[in-house]
Amino acid sequence: MNALELDQVWKFYGDFPALRQISFELPEGVCLALLGRNGAGKTTLLRILSGLMRPGRGSVRVLGADPRDTMARARIGVLGHGLALYDELSALENLTLFARLYGLKDPRGAAGQWVERVGLAASASSLVREFSRGMRQRLAVARAFLHEPELLLLDEPFTALDDRAVTTLQDLLRDAVRQGRTVVLSTHQLREALELATHVALLVRGRLAYYGTRTNEMLEDPAWLYRRYGEAA
Amino acid sequence: MREKMLIAFCIVAAILLAYNLYVMLLVLPDEVSQGPIFRIIFFHVPSAWTAFLGFLAAAVASVLYLVRKDLRYDAFAVAVTEVGLAFAAVTLVTGMIWARIIWGIWWTWDPRLTSMLVCWLLYAGYLMLRHAVEEPTQRARIAAVFSIFASVDVPIVFFSIRWWRTQHPQPVVWGGSMDPAYWNTLFLNWIPLLLLGAAMAGIRLRQERRQRELEALRRMAHAL
Amino acid sequence: MDERNFLYMFYGFLAAWLILAVYVVALAGRERRLQREMENLRRMIEEKQKEAS
Amino acid sequence: MKAAGTQAETAPRTTARAQPGFLGGAVAIAAKDLRSELRTKEALNASLAFSVVILLLFSFAFDPTAEETRALAGGLLWLVFAFAGALILTRSFARELPNDCLDALIAAPISAPALYLGKAVANWLLLMAVELVSLVVFGIFYNAPWTRRFWPLVGVIALGTWALTVVGTLFSALTVNLRLRELMLPLLVYPVLIPALLAAVQLSGPLALGEPLASDMMVWLRLLAGFDLIFTALALTLAETALVG
């Protein structure tokens, strides 16, 4: 089964097409890097895949189901621009809430384990308000991973992360791919993304300009893709 | 084509209105107890009907928008809501002028007037809400949800205000049945008002389409 | 008294038409604004395209 | 347990999944909202202070003799409740904005009606608490024996408050991304609520002064209950549309 199946997907803001005729199929167990400039439609596409928005036209299947299907959403992990943490709750309470929402059998246990796993055990019951930026980022990563999702949707995950959080995230992503889970990430940081990616999609003004497996020349010269398929810079 | 239809609507409306005015002012006699002021009803009541027809159409268009996600339904909903509000304003103001003569006061919490005022507030809220949202697709969705709430609320408002007022002494409106000649003129005057409303809604609809084109162009210009 | 009655009937008719006229004026104003904005935008896009090429 | 969990470096799986239930999700959201609010007390404090100040001001504005209080009690109480409610309701979804928490909730496998219901229940509980405190203040300032008909009064207030929260919470979700949302929300909510407020005012007036309800008041009780029912159904139906763009 394919992790993602998009058929002729359009998204309009008024009459302005933010996504035009996007069609592709992503097999399970691969890592897709979603590339493109600001305003090319990366965030819009990820929001549709995570069920935050409905496409204007076309059909989207995520893990074989509609993105708004609750059972499908239970198998997806989402990490957006914001960190989605409640400042007035403790680290443990934040994770327990989401563990509960994701229907885990032992929400508290899972939360405790993940707090430890991202190295926040010492401040598990302090309020997130008192956390440093790096600590928040690690907690947010834990929130996205705690239900062991089969599909991970990450919007610009490496921007503004501190070194330790980047390492945590990269390790988790590598593990995830090794375990046969699917990862989709949008990014500006070409080099970090291309190292992880097995597949690459390039969006130019809402259109899918390139879609295919990542080749070695992309790794050697990350800007090649933009020169070849994108607009003149 | 559409342009010509709008113009035709306006011309037919103008002819009918001129004829109706002639009948109202020169043919029909004054009503016995109220005098000439009674003639306000020929505008007051058909305006109210036109307004409610507009609000009803807006409710249907809002549901259709949420089902089909086609912005043309949204444009239709705004157009008829705005025209409905204009006619509701006519109803309110003519009602107040009539009340000034018959009851000696500008405003009274008469159930019909009060309900109309609440409707006006509801749909004025709809327009304000639209004003506050930038992105057209989001605006359409939010406005449609609100419009459905408003349309479900309207009948409840009418019943509740009727019950409320009947517990208090109620000013006598007009006694008994109207002469069929009056009824005829009332309906005859509704036709031009409806035509006029349709023409105005048609113009507003076209503007909404242009507005969408404009917003799309603006986004394109930013993307360049 | 009767004169006032007649006068208010006249006011009533006038008010009805005035409100509708105000709405029509508002419509016309919007029409003009749309036209103007459209022209401005077209000009802007043309200039931008000229710069680009 | 899944086969993937055998990897050495992954933690043992505690993540066996249950079906994410409707009520379970709603309760989790409500509990989260209550805990957040009780910790920050932002909306609660504002709303309480506001109610007390209005009640105090009104007791200056007119002479709280038995006669005048009788005429005004119902209207005054619901005026206070409606304004206090607006303060709590705007915070309800605004609370989710700072870190894009709302996105995470919508993406989570909880149905939109459950999410909406959880928030509505939390708002209702908070508002009921504020209203009970205002009733005590009302009783003191206006010398009103409101405790004499305690349960009928609480019942009427519960129904009226549910009307306020059921409409207000949905509109709070609709307006959360707007500039001027603090202004827009009351402007949209109050006109829709007029029938419910009318009924609640009629019913609470005599009850707040310890008087029994006249038999012709039942029509208002029915109206209030009907309003709650109709708008709860409508809001649950439209919750998905209101939350997902």
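Which chain is which? They are A, B, C and D, in the order written, and residues in each are numbered from 1.
The criterion applied here is as follows: a residue touches a chain if its C-beta (ideal position, glycine included) is under 8 Å from a C-beta of that chain, and two chains touch if they have at least 3 such contacts.
Only a predicted model underlies this, so the values are computations on that prediction, with no experimental measurement involved.
Asks: Specify the chain pair with the maximum number of C-beta contact pairs.
Replies: Maximum number of inter-chain contact pairs occurs for A-D.
Asks: From the centre of subunit C, which chain's CA centre is farthest?
Replies: A
Asks: Rounded to a whole Å, what is the gap between the Cα centroids of subunit B and subunit D?
Replies: Inter-chain centre distance comes to 33 Å.
Asks: Give, as an integer number of Å, the spacing between the C-alpha centres of subunit D and subunit A.
Replies: 35
Asks: Suppose each chain is reduced to the average of its Cα coordinates; what separation in Å results between subunit A and subunit C?
Replies: Roughly 48 Å, centre to centre.
Asks: Mind checking the centre-to-centre distance between subunit C and subunit D? Centres are C-alpha means, answer in whole Å.
Replies: The answer is 41 Å.
Asks: Where in subunit D do residues touch two or more of the other chains?
Replies: Within subunit D, the residues that touch at least two other chains are 245.
Asks: Show the residues in subunit B shared as contacts by 2 or more other chains, in ascending order.
Replies: In subunit B, the residues touching two or more other chains are 137, 213, 220.
Asks: Give me the residue numbers in subunit A that touch at least two other chains, ranges are fine.
Replies: 54
Asks: Name the touching chain pairs, please: which are they?
Replies: Every touching chain pair, ordered by label, is A-B, A-D, B-C, B-D.
Asks: Can you tell me which positions in subunit B touch subunit D when the two form their complex?
Replies: Those in contact with subunit D are residues 66, 118, 121-122, 125, 128-129, 132-133, 137-138, 141-142, 144-146, 148-150, 152-153, 156-157, 159-161, 163-164, 167.
Asks: Over in the complex, which subunit B residues touch subunit A? Could you list them?
Replies: Interface residues on the subunit B side: 69, 71, 135-137, 212-213, 215-216, 219-220, 223.
Asks: Taking the complex as given, what residues does subunit C use to touch subunit B?
Replies: Going by the criterion above, the answer is residues 2, 4-6, 8-9, 11-13, 15-16, 19-20, 23-24, 27, 30-31, 34, 37-38, 41-42, 44-45, 48-49, 52.
Asks: Over in the complex, which subunit D residues touch subunit A? Could you list them?
Replies: Subunit D reaches subunit A through residues 2, 4-5, 7, 9-11, 13-21, 24-25, 28-29, 32, 35-36, 39-40, 98-101, 103-111, 240, 244-245.
Asks: Please name which positions on subunit D make contact with subunit B in the complex.
Replies: 167, 170-171, 174-175, 177-180, 184, 187-188, 191-192, 194-195, 198-199, 202, 216, 219-220, 223, 226-227, 230-231, 234, 238, 241-242, 245
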